[in-house]
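Take a look at these structures.
Paired with chain B in one complex and with chain C in the other, chain A is shared by the two complexes that follow.
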Partner chain A sequence: MEFGFSEDQLLLQQTVRDFLAGECTPEWVRGQWQTETGRSPEFWSQLSELGLPGLLVSETQGGLGMDETDLVLLMEEIGRVGLAEPLTATAVGVGLLRSLGDASLADAWLPKVAAGDAILAVAHPASPFVADAHVADLLIASDGDSLHALPRAALRLEAQTSNDGSQRLFRVDFDARDETRIATGREARALEAAALDRGALCSAAQALGACDQLIALAADYAGQREQFGVAIGSFQAVKHMLADVRVKLEYARSHVYRAANSVANDATGRSVDVSMAKIAACEAALLAGRVSLQVHGAIGYTYEQDVHVWMKRAWSLDLAFGDAVFHRARLAAGVIDRSLPAESFGYSHPQRVPTPTAGLG
Partner chain B sequence: MKVMVCLKQVPHQDAKLDINSDGTWIQEDNIKFEINSYDTYALEEALRIKDADADTEVVVVSIGPDRVTQALRTALGMGADRAVHVNDAEAFGSDALCVAKVLAAVAKAESPDLIFTGLMTDDGNSSAVPPMLAELIDVPSATGVLHTEAANGSLKVERELEGGAIEVVELPKPCLASIQTGANQVRYASLKGIMQAKKKPIDVKTAADLGVSDVASKATIDKVYSPPKNATADILSGSTDEIVSGLMGKIKELGVL
Partner chain C sequence: MDLTYTPEQDAFRKEARAWLEANVPAAPLPSFDIAEGFEAHRAWEKKLHAGGYAMVPWPVEYGGRGSDLLEWLVFEEEYYRAGAPGRVNQNGIFLLGPTIMEVGTPEQKARFLPKMASSEEVWAQGWSEPNAGSDMAAIQSTAIRDGDHYVINGQKTWASRGAYAHWLFGLFRTDPDSTRHKGLSFILSPLDLPGITVRPIQKINGKAAFAEVFFDDVRVPAENLLGEEGAGWNVAMATAGFERGLMLRSPARFQSTAARLVDLYHATVERGDPVAPGMRDRVARCWMDAEAYTLNTYQTVTRLLSGGKIGAEASLNKIFWSELDIEIHEAALELLGPRAELDPRSPAAGDAGSWLDGYIFALSGPIYAGTNQIQRNIIAERLLGLPRK
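So, the complex of A and B:
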């Protein structure tokens, strides 16, 4: 079994990292906070030229035909720069459209998504508000036992406030009609579950990137800021805090990569793997925010310092596509209540270890 | 038209560089590499010619170990058509003349109309290879080029001179230009380009394949070290007036003003 990423996948990751490092600076992110929509059509066009919105779209529809094991590394890079353009909703929406029994909607929309000419948004019951509904050309939303695909004109939006300047949230209302219904019953529930897992995976992967960046900011500052004549990073009280976050990050990374594999292959234990990943990655990112703030001291609380850009992204990502309470409850249902088979956890032939009947002598 | 672009893979600009155990070079294990920044401008200049003329073929050439494949793949992902990888341990990290000899052999085999290189490399900083290469294959060259304009039989270039002056030179083809940073806006490789690059050929050759021998470096590096910190720095303290007054005194003392 191959556990590592291929050279191609790592090269794609480096390509996206180089692009974002040059084009998505903290100054640019802060600049977007001040704009009316918070979104940049020009930047979306650049992302489309790069190929990001079309990553999961098939090659015949103008995309790259890749899967979540390719996507996960790129989402990590998106989190590393604190980019909040609707790439998660795009991945989730593409996944939904791709899985519909009737391909006509996918045929109509996916080529436009891949070309950067259409933006998707997704309303999921696990997230009360919808991100980026104001710029979406098509919203896929649940309504009772059905899923609906709605053009922007059919939506009534009410903007919500957010701690995170990068995030634009809306309460969405619409009239469900027969002509907007795309799935019902079991099919709708399965699509909704897959959408949740794909969205949570993307959020978890971005949390890894945000966490890594928060550690980097803190480590860099700890190497420069001096107290008692030496860099504060030389003090165990500081370096151990950062090491603890790094340990949490690397622990979470394994979960996220496994979850990516499970989503890509629609594995039996997909939901358990995704919940584990979401909990671990967001825990790590939230801790990184607190530690980075503490390492920076008073200056970390200032608006001018960049720590809050990523700290707020970590807060947003923690709540997106199911918060920690939701995912812990789902995990408990899967693991403690044993509603999932042992194969879900990687044991294809579970064997009980026999209880010893004789003493050691 | 065929344009040959010479690329070098160098340590990533963000890589933390440590000196190796015998103190003769940097520790190359576990650091990231990237295309020499000057060379990316050379590649972009070639790709712009290709954008304007679809019949143009851009061939990227690099010397180095297996890891160089990644740099070549990136260049192919940006739009180059094919690559030549000279993978010969004797030539790795060789001196400027030996590198130029290997590149000259590739140039003779490829017969390009134009050769673009970066002005220098981020790690070596010698600027010596481009003029040596031009001399070895007997073509005219221009260094420090900020702008190129390819015509049928010639290449018009603008070169950067001292003091901000620009020199305009027209070189008959075939010719070589070493490109200065900032000459253009370097494009990013797209994900699609990277995937398509897998299907583009990378021709791996040794020096012997190219008919070149004796390419090992004739120069040896005795020692690589970090410059010692200067202990003579004066740090002025006191009120702003005292610091300014002290600074003025130092400036006068040194005779700067």
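So, the complex of A and C:
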């Protein structure tokens, strides 16, 4: 039992954090909002040099051979700077190709992903829109029964404009053919469920980073801005709002880290664990957006100030790979209906929980 | 990251489960807030101690079994799973004990820990005074050195189980000219010395569970000073870290309460009683939050086992468990509907009484161990770096 990260894992996180702090500035993020694809091949190749797209790809296929417990730490950093390059889409695609019974697709695509030469994406019925479908070299989507692996030429995309300038969403249509079919029935559904969980985990981890950044922006501003002759951060109304967000962030982190372990090990309670992580992390980030805005006052309500960059990120992460309604329904299915495995950590629930024979104290 | 138990931990869990199943009293003990219940709980502690389970992470020589904190968590899980009695000496074993372990002399460890582990000596916490609540640095009670004794004068209040306890640990001003955090010392005092008057105070539930303690020229041997003279504030902060951050409220307490809430939800639905829209979501959320608290505690223990310390993050913890406890109980009372107000002695109360008792106790959570407003101040100033003034 060791619920923490190794020095190597934390070192890699720090490396990525330092890199992103220098390269992925708010100005750069805003610049990307204005470009046609919103995605930068140059930045992608820099990320590839760090090994990020191929993080989950095995070393023999040119990747880093790491797992989701490594990935979440980096996703947190990606959320901290609001980077929207298709790392989540690709991680979800890698996870899916790796799990196929037939290894030929994985053998064909994963080395290219690791080299930075291919981007993947996966559509899931939980959302009618697919992020980053326009830059995906291979998209995996369901026709209702079977999963299909579709090269870009086989897709008909209808762009949808998101309120978050970083988010690029598409309605995807395609003709299902025998040659594109990669899984059917039960197997297809299991793959789809695993893909959703991996995507939700990545979104939750990014939400942690966005939350932390929104708190940092507000704490920094509150230490500088003066009213009534003192820094506004000395007012308890301000302190306590921020402290509440910090509490939420702390416990959301615990859920996200456990969910990472559950995805990496395909644990029995994986889906419920991921739903808890998604709910907790997105709620923390959404609250952080509101509080950060409030602490900034009118300046935070301007387009020029950066609060909305992360706040809108938090909104779109909340909707990605299952919105709150989806995940709360799954949580209740696990905890209340027991139609999904929900395992409490350590403590095992006896048949009937005894009323404590206790005085309270 | 490795979230599996070792075979040794699994074996320990089995052993503890079997022992608890064989030994936990079948019927609830009377509340330890009344004299009879206090003694019944002490008798239970004695049995627990004889079984070797009183304080598993303590060294064997002090009455423990030399386990690490992970085994302690496993034990706590089994303890709540078995529905075992509340710990009457919690101020001793969970707060003072770890503090003595950290700053006590070898003589103090040998003198105090074994009798604490067996609950032969039950401890009360003497921090609050009439004019020093949240502002603990305003403590006025004095302890003036006179030869090999301290002479104590002043008044402590709100000492939980102080009406029945044998010893009290507290902060006293050893330098009468000092102010605020300086000049305070951490002193251990028997409660039966000449000059001590203990006056019980009834809690909101009518039980005499608190006490005021008056000191009138009480002579306490100087060897009962814990840590250095004048360093009492820092020693007390270590104790507060254990209280807020780890030991006082172990996660299994909330996991078991959340599991009872899920059962109550099902029972209510099965009976055909009305259930508010949104209740499913609330119940699931309580379970999820209890889970978060558990996971976070395992992170803390992992950090402590690799040499880390409990710091200001303990304040995050204090807020989370105390507010979660209220959430769970409020959901339960809402499920109980018209039965929610029944005193446990009512014939129709059934399970309702224990939920009401639990709720009333949960309401004190945001007050004791440092109010949640104070914890929010600490988080804002020490974790987020906001200005004090």
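Please note the rule applied: the second predicted complex is superposed on the first by the 339 of 361 C-alpha atoms of A that agree within 3 Å, B and C clash if a C-alpha of one lies under 4 Å from a C-alpha of the other, contacts with A are read in each partner's own complex, and residues count from 1 in each chain.
Everything that follows uses one rule, which is that contacts are C-beta pairs under 8 Å (C-beta built on N, C-alpha and C of every residue); 3 or more make two chains touch, one makes a residue touch a chain.
What you see is a predicted model; the values in this text were computed from it and never measured.
When the two complexes are overlaid on their common chain A, residue A:16 makes contact with chain B while staying clear of chain C. Legend: residue contacts after superposition of the two complexes on their common chain; A:328 is shown touching chain C, with no touch to chain B. Using the contact criterion defined above for the overlaid structures, shared-chain residue A:51 touches chain B, although it does not reach chain C. Of the two partner chains, neither chain B nor chain C is touched by A:210. Applying the stated contact rule after C-alpha superposition, one finds that A:282 touches neither chain B nor chain C.
Contact with neither chain B nor chain C is seen for A:183 once the two complexes are overlaid on the shared chain. After overlaying the two complexes on the shared chain, residue contacts for A:64 are found with chain B alone; chain C is out of touch. When the shared chain is aligned, no partner comes close enough to touch A:202: not chain B, not chain C.
Annotation for chain A, partner touching more residues between chain B and chain C: C.
Counting contacts as defined above, no chain A residue meets chain B in one complex and chain C in the other. Chain A makes touch with chain B in their complex at residues 7-8, 11-12, 14-16, 18-19, 22, 49-52, 55, 64.
Interface residues of chain B facing chain A in the complex, by the touch rule stated above, are 32, 34, 70, 73-74, 77, 188-192, 194-195, 198.
Residue ranges of chain C in contact with chain A, taken from their complex: 1-6, 9, 24-25, 27-33, 37, 41, 70, 73-74, 77, 80-88, 90, 160-161, 209, 251-252, 255-256, 259-260, 262-263, 265-266, 280-281, 283-285, 287-296, 298-299, 301-303, 306, 313, 316, 319-320, 351, 354, 357-358, 361, 373, 375-377, 379-381, 383-389. Listing the residues of chain A that touch chain C in their complex gives 1-6, 69, 215, 219, 222-223, 230-231, 233-234, 236, 238-240, 242-244, 246-247, 250-252, 254-255, 257-258, 260-261, 276, 279-280, 328, 331-332, 334-336, 342, 344-350, 352-361.
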